[in-house]
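Labels for the chains are A, B and C, by order of writing; each one numbers its residues from 1.
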Amino acid sequence: MDARSANKKEWPAIVKSLNIDAQEIRRRKDFLQFNEEDAERLKSINELAEKYADDVIEEFYRHLMSFEETRQFFRDQQQLLAHVKNLQKTYFLRLTKGNYDQEYIENRLKIGKTHERIGLPVDSYLGMYNFYLRAVGARLFTTFKDDPERAFKAFLSLMKITFLDIGLAIDTYIDSREQTIGAQQDAIRELSTPVLPFRQGIVMLPMVGLIDSYRASQITEQLLRSIRDTRAKVVVLDITGVPYVDSRVASHLVQTVEAARLMGSKVIISGVSPEIALTMVTIGVELGQIETVGDMQSAIERAEQLSGYKVIRVRPERRKTDRAENGFEDNRNNDPA
Amino acid sequence: MLVPILKQEDFLIASIQGELSDVELLALRDQLVDKVQRHRSRAVIIDVAVLDIMDSFSARTLRSIAQMTRLMGAETIVVGIQPEVAMSMVQLGLRLEGTTIAMDLEDGLAVLKNRGSQGNDACDRA
Amino acid sequence: MTPVIERETALPIKSDLDVLKARQQGKELAAALRFTNTELTIIATAISEIARNTVLYAKTGCLQLKVINQDQRRGLLIIIKDHGPGIADLDLAMQDGYSTSRGLGIGLPGARRLMDEFDISSEVGKGTTITMTKWERTKL
């Protein structure tokens, strides 16, 4: 999927996640006091805009390139620079074309996303708008020097529409950040409750920290998928690290045990502290079906037993050799009969 | 959609191949009951791995199969319930009482092999 | 704020095959939203329950599925309407134990448990309408 079609699929999604519907657009325009008159005024200076577009863009990039960071940024990226300049010109000309509705907004969001993706910092972005307003402003007052009021009004309209654009651009930056944060949080949640394969057919799930309803159901889903993937017939669910279990979490535990049972797997809950035991009894949790154990050691032993494992300690015959190697005498032959 | 029912030694294996309508589920029930009687099977394994939904009707039908075949001396083993299905069944309160649950076909066969001999791991797990 | 309908679809519910279709459609539409696989299964199961109920007691009904957007939240709205005999005692029908043993409205309390919002209105001789919604879970 090339960049352009990837973009195409993306900006309707942004519009949705930012909830920028007709109502929202209206609200933002009202806030900036941008109305039909402004739209008309902008359209009226469109011809002028087309005339000085190239000049303004060149001036702008000359200014940009006078800064070391920007020079560095675009240094080995001539194609990118040309692409961005082109986008700028299109963007610029769009400001005076009228029709500042859904399609306009989506276009602005698309541009914002592009800038965000190439890593353009927010202050550069704002600096651009500022330079632009000044460059255009100067030209407006020169062109309409005999009608300063007209120039001023046009300038104000221009300011309103650029501020609308700035708001949208910032929104796209924030949206990207939030998506990254969301993805990171998901990763953290999964990492914080790892399902550990213990032996063939046994997995262990140590739960640590406070568990809310959402996390509890996430953990259950993770566990059940793990049961399927590893064909684990026994699960040791350890809640030693869970300080507090309320009725919702308790019922989640019960549900987890039952769901695992429906998959042919047995859950042993270990680490049930006296406090949690009291909570569960008080809540009236159906303990009949659930096997609980006080400590993980016992749980593991029980899991092994259920799975048909038997752990045998190997007789310490090697220890005598160790002793000889460590300088102890081998007394066997010296023993009196 | 016809559910193939395989006869293996003294038990039957029914592998559901796709979503079944209510009518098809009832037909399966009748077929199984009939076959258990004819072959004097001691167990029926029903593989529901392909089902992505188990609602109250399917659960009830499975329970009926278990009840009816038990009257003929057979055990019903349900295998292959998927994680998402297990979750929704639990929230709906469906327990499949009267059936034995195993993880998959292999596990179900192991349960059958262990029946009657010492050590009923599946019973411990139930 | 009234919900905005982003997508919608409707299908008649007349037979057990329609129940299967309803489940499929439900999953398809719900896929446009941010639901986990488990939630999709739950939605399809709830639809199955109420759709079957309609077939059993009203013979014919109409199912509407809508992807809605309300107060910054998106969800799936499910409406099933029939002009069947109606349910005389709703409270009784919506009671857990009663439904299972009597075979009336078996899936209704279950469907309610599965969904975030559940509403049922019925009038004897006129028909029944069930409305239920599952919202996307907003984390953070």
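One rule holds in what follows: contacts are C-beta pairs under 8 Å (C-beta built on N, C-alpha and C of every residue); 3 or more make two chains touch, one makes a residue touch a chain.
Quantities reported herein were computed from a predicted structural model and do not represent experimental measurements.
> Looking only at C-beta pairs that count as contacts, which pair of chains has more of them, A-B or A-C?
A-B
> Would you identify the chain whose C-alpha centroid lies closest to the centroid of all protein C-alpha atoms displayed?
Taking the mean of C-alpha atoms per chain, the most central one is A.
> Between chain B and chain C, what is the separation of their C-alpha centroids in Å?
Using C-alpha averages as centres, the distance is 28 Å.
> Between chain A and chain B, what is the separation of their C-alpha centroids in Å?
Going by mean C-alpha positions, chain A sits 42 Å from chain B.
> Report the inter-centroid distance (CA atoms only) between chain A and chain C in whole Å.
Those two chain centres are 32 Å apart.
> Any chance you could list the residues of chain C touching two or more other chains?
Each of 38 in chain C touches at least two other chains.
> In chain B, what residues contact two or more other chains?
Chain B, residues with two or more chain partners: 83-85, 87, 91.
> List, in ascending order, every residue of chain A touching at least 2 other chains.
221
> Chain C touches which residues of chain A in the complex?
19, 21, 182, 185, 214, 217, 221
> Which part of chain B faces chain A closely enough to touch in the complex?
79, 81-87, 89-91, 95-96, 101-104, 107, 121, 124-126
> What residues of chain C sit close enough to touch chain A in their complex?
So the residues of chain C in touch with chain A come to 4, 36, 38, 69, 72, 137, 139-140.
> If you look only at chain B, which of its residues touch chain C in the complex?
Touch list, chain B to chain C: 19, 21-23, 52-57, 60, 83-85, 87-88, 91-93.
> How about chain C: which of its residues touch chain B in the complex?
The touching residues are 16-17, 19-20, 23, 37-38, 40-42, 44-45, 48-49, 52, 96, 106-107, 110, 113-114.
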